[in-house]
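Next, two complexes with chain A in common: one pairs it with chain B, the other with chain C.
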Partner chain A sequence: MTTTRSGLVTVTGFAASALMLAGCAGGPPPAPESDLSNDKVVIGLLNDQSGVYKDLSGPNSKVAIEMAIEDYLAEYGDQAVVTEDQIEIVMADTQNKPDVANTQAQQMYDRSNADVILDVPASSAALAVAEVANQKKKLHINISAATTELTGAACNPYTFHWAYNTQMLAKGAAGVVEDGGETWSLVYPDYAFGQDMVKSFTAAVEDAGGTVNEAIATPFPNDNFSTFITRAASTDPDVIGTMAAGGDLINFVKQFNQSGVRDQAQLAVGLMFITDIHSLGVDEFSGTTFTDAWYWNYDEQNREFADRFLDLTDTRPSFAHAANYSAAYQYLDAIQRAGTDDADAIIEELEGLKVDDVFLRNGEIRAGDHSVVHDSYVAKVKDAADVEEDWDYEEITATIPAEDAFPDVNPNCSM
Partner chain B sequence: MDAFLQYTVQGLAAGGFYALAALGLAVIFGALGVVNFAHGSFYMLGAVASAVLLDVLGIQFWAALVIVPILMFIFGIIIELLLVQWLLKLDILYNFLLTFGLSLVLVDLVKRQYGVSGLPYELPAGLGGLLQIGSVEVPSYQLFVFLFALAVCLVVWFVLSKTRVGMIVRAATEEPERARALGINVSAWVTPVFGFGVALAGLAGVLAAPFRAITATMGTNFIIILFAIVVIGGLGSVLGAVVAGFLVGLVEAYGQGYAGTFSQVLIFVLMAVVIAVRPAGLFGRKEAV
Partner chain C sequence: MSTDLETPLPTKFDVSDFDPRARRARSIRRLLLGTIALVAVLGLPWWVYPPIAVDIAAWALFAISVDLLLGFVGALSFGHAAFWGVSAYSAGLIAQNFGLPFPVAIVGGAIAAMIIAVPIGYLAVRRSGIYFAMVTLAFAQMIWFVANQWKDVTGGENGLQGVPKSFFGIELIETEAFYFYYVVVILIVAGAWLAWRIVNSPFGRVLVAIRDNSARTRALGYDVEKYKLIAFVLSAGIAGVAGGVFAISHGFVSLQELDWTTSGKVVLMTVLGGMGTLWGGPVGAAVIVLLEDRLATSGFDGIGIITGSIFILCVLLFRRGIWGTAKNLIDRARAGYAKRRS
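Our next item is the complex of A and B:
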């Protein structure tokens, strides 16, 4: 290949003018200055890696966080405050035990230099981690725990509650009451979560004009609910609401379906993840209503996210996966704006922030109690005949606007 | 009254699971002197095996009722030959620890392979409906579980008490020393008896599959109640295990009906009372303690 003289002149000319133009514009903007502790951002993922909550969040939440990092880097390109090499994810198992969660959180903050800990299912474990975060003055963004305590009596400046809580879960009950399910019997496991749920559901049903005939406490864990179901049906309610979760929920639903009560009363489930429907089969749950924080097949944006997730994990995302993605992305975005990963600076960026992303619709990070408010959904499990593809289990029957789903700043919270 | 009748049927159905599994536990304890902590895991394996057979090979419930116990019998024999028999001569604690460890391994292997959310299982055709008995509606499946478990217990009882094989096993189970003294080769019966006990746990697992959550940890609480049953019935007593199994099922159902969260406590209250009044258990003999 030969280069002609005239060609060389042209090239040099272009280069010179390009340089001059660049000179006028002040050159390519330098990467913004950043002030990162240990010169990196460490995201800790602390959740159930081996027990009952493994499938609904677990190791696949790491994939969700990696997607968030990828999207952050793609969004800001060479303007990103944090480069790819500066982001690290560390992961550990709480076994859903508060003492283990406490130790793991301390290790993550101290030894792994985690700047934020995400997820932490099981309310008791979550409360333990929130306490550690407050002591260490490092961030904790809780995704998978349900208790309102996190944004109530146990609230602190370093803890955010991103996805849902027991109060929001009860909001779906109002829709059921309006559809004619006026009288309820509740069956709940007799520990903090169950008691909290019963309070929230009773309030929601009564606010909507319904009545709760009785609330029946059951042991936890428990594998035989037949007699409790018979008792719940004895007052002839329109709706039987179960607050059982995980394996207990599957026990309850199997036995409910065989009991003949299914023909007399509708089933409402307090807390259900799409992974529960997947494991038991859509037939067993069809017709059941529940409140969902997010559904993968709700709209095009969610679906796009879910397709990417499917390629990486072979399963569809639960709302916890989407919320982990959202929290990680918004966290990195806050670092981008603040130019630092200093916890107090990030809190300042996050408080009061209005957000719309794949998980948070009409979202706002409420400054008063650090509850992240966003639109939620009343979901009904489809009949098997209406399921068009794997994981296509839910029909969203109503949207609960953010301000209804998470109504007021928790009065028990003082930062 | 209707509610009471319903609770009774529910209690007898729950008792069916307990009786079958406890029978296996009692036979193993009697013949080998092994406190088989892995029994809950064998029950879990029975349920998981039926779910996997249905999912992979399309084998339905009725066939699983036969196939799974056979598989579990073979599995039990392998476990006995590979592990359990080597510790029989040592203190009873060694096999207790072995089976405890074994149960942890089995639970984690199942978790690893099939996850933690549980496996789906369909109710067998023809057992999904309700039966009207007098003024009470009873789920057909519960009634089936009760009758089937009762029938299996009766067959086992018949075989054990009326046949020569049964008499040898029973002698080896309940009076191993005297049986040896009479020239019965007790050791030869030990391996198949262990397999048989494991098969019974597996059978209880098959029965549980349509009715309970099929998860790796489904046997973890179950085994605690089984131990209570065996203690109530009398250690090593075959009849005691069956009677106590149904009794505990009833206590649990009435407890759930009338005492709520105390239902599980009641089982252990019953155990404490039985130990206080009859230390050897309802059907146990003093020397077995």
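Our next item is the complex of A and C:
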């Protein structure tokens, strides 16, 4: 197992002052009493390190978590409950298979003594890990899975859902309707994610006063979308919304552009990461609208984070990277306040907490269903001519306030 | 047509059957192998992480069920995930809805797998070779689509969560994978024993005859399709036990269980271990499961490349698989020894 001690840049000032103070008798009050299991805090990062979700989260999320540890140590200095040597990150690959995710999660909790598992993309894998967390009574903070089940029927006290969900992804549709995109055709892959997305999108479009002409199911996975695109265009909609994700999305967009439908109808994408735009090229996507949980070039604070991230990884962070940072930081911060890494104590610290950090704006960790709500954004992909630097792909056209993006506590959830 | 199950086909004439010294040597060898197998089965959760040990046991039995068809009937089923998966879902649903102890759920799952195997087998055994593989694959994919769409029952893409491991309220077994292993391993060994019995019975001899020359077996008066169908259904039942164990152990069932890659993986294990040996499957299963587990935490991102290369190397260099090659070497050494003695 690659067990990496967080070999981070030590805050040199901290080290120096610690040396100086070692000789003095009085000095500042000693670090608060801490009560850590195994005398350390182990953060497990369980995600796709080899497959389709590698870029949007993957190994670079470890860098984000390391940044969070660095910031935590810098923030609390010698008052930190957890010292640098006491924090460990362990990492494993789910291959996006639920059974692998399930076994790896068990191993992380049992053998590596992980106190929390972060990330876990792919809904089925995420649900499998949430199940383990509940059994072992250890924390799981999910970042990159989309399903509302995590905070719905499958919710449990030990699982938090940090970044986004299928409902929130549909909220951007309202903005598009207000801008004149009143009639929609939806094309969706016929499996749980696609079906959920169509439900959320239809509701969002209709709430905003638009109409959905039709929702067309496609096989999943699928290579050839041309017939579906033609059919979607046949009702002459203002907007064609695709719920395809990952490799299917890339195929869909290529074929959409080649078919010439692009000139008649605007494209809206259900779930898209900035890494998707980067891999296919901004040209192919320009004009597309989607809902984003976070964008690196949104304001100064984000940019600063993104610059640090760029120095370490040579890429800009996706929202999943920022969310991993945020979750790791808030977790450590909760340990700081609780003085322990005991899962139940941390849950008490986190529940109902109002947070503002680089990722969470107007954030709140909702106690009712452990959904972490925050401001989200309607993003439009820029024209190639407007792109000023690498990764400068998005224009944020509107902010969706937290209470609109994540409206209600999920009624299916009972803790 | 009357088929007499009690009449064994003539087997290879073996001198050692009549030589008391050779017979003693053989029984010692069997005892030795039996002891090694027993130690391996009982010691597994001491050496590897217990949930992984359960995975190995489940995949081992699954590989045995495939080998029963591939090695002894000569039929490559490329859709065995159907039985593993149907049983996993059935066992999961039984455990979830009726709160029965998990062995009952697993047996229920295996029965469900056998029921579904009857119509599939009925059609598939009429073909052989690549056509048999394609027919089984097609049915497995059909079941995959049904499970994907039947969201209310199977949970679709999200899978079936929260499958309980109830076992008469004995908490140690319900919560600790280490003790859980020792309960399910009884089912696994029972399934493996059943496979061994089938292969070493007169019925099994007929299967081998069908594999070697089905036209001739038919000419001898055996109803080839019937024999193949029975073998197919029994194999599905054994795969079902394995799938049920896997589902209960993980506490959930996902579509992955029905995916064609699952069928592919188990064929890989069987071939890697050595087909037609029955015990090669478990060796292949242990290698693949342990390898995948190691690679998942190694930070290396080419898991498919590694397992694929091993498969290619195995096919190129050790046609008989790991177990088959080892067995062959032992046999050759023995033959050489016997020659020197005489």
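Worth a mention:
Here is the rule we go by: the second predicted complex is superposed on the first by the 388 of 415 C-alpha atoms of A that agree within 3 Å, B and C clash if a C-alpha of one lies under 4 Å from a C-alpha of the other, contacts with A are read in each partner's own complex, and residues count from 1 in each chain.
Quick note on the criterion: contacts are C-beta pairs under 8 Å (C-beta built on N, C-alpha and C of every residue); 3 or more make two chains touch, one makes a residue touch a chain.
This is a predicted model, so every value here is computed, not measured.
Once chain A of one complex is fitted onto chain A of the other, the partner contacts of A:190 extend to both chain B and chain C. Applying the stated contact rule after C-alpha superposition, one finds that A:124 touches chain C and leaves chain B untouched.
Legend: residue contacts after superposition of the two complexes on their common chain; A:86 is shown touching neither chain B nor chain C.
Contacts of A:99 after superposition on the shared chain: chain C is touched, whereas chain B is not. Contacts of A:135 after superposition: chain C is touched, whereas chain B is not reached.
Once the two complexes are laid over each other on the shared chain, residue contacts for A:149 go to chain C alone; chain B is not touched. Contact with chain C, but none with chain B, is seen for A:110 once the two complexes are overlaid on the shared chain. In the superposed model, A:221 lies in contact with chain B only, and not with chain C.
Of the two partner chains placed by superposition, chain B and chain C are both touched by A:54.
According to the touch criterion, the shared surface of chain A, contacted by chain B in one complex and chain C in the other, consists of residues 50, 54, 190.
By the touch criterion given at the top, residues 50-56, 190, 216-219, 221-224, 226-228, 230-231, 234, 247-248, 250-251, 254-255, 257-260, 275-276, 278-281, 283-284 of chain A touch chain B in their complex. Here chain B touches chain A in the complex through residues 3, 6-7, 10-11, 13-14, 108, 111, 115-120, 122-123, 128, 130, 137, 139, 141-142, 210-213, 215, 217-218, 221-222, 252-253, 256-257, 260-261, 263-264, going by the rule given at the top. Against chain A, the residues of chain C that register as touching in their complex are 49, 51-52, 55, 148-149, 151, 155-159, 161-162, 175, 177, 246, 250-252, 254-257, 292-293, 295-299, 301-303. Note for the complex: chain A touches chain C at residues 1-2, 49-50, 54, 59, 90-95, 97-100, 102-104, 106-107, 110-111, 123-124, 127-128, 130-132, 135, 147, 149, 154, 190-193, 195.
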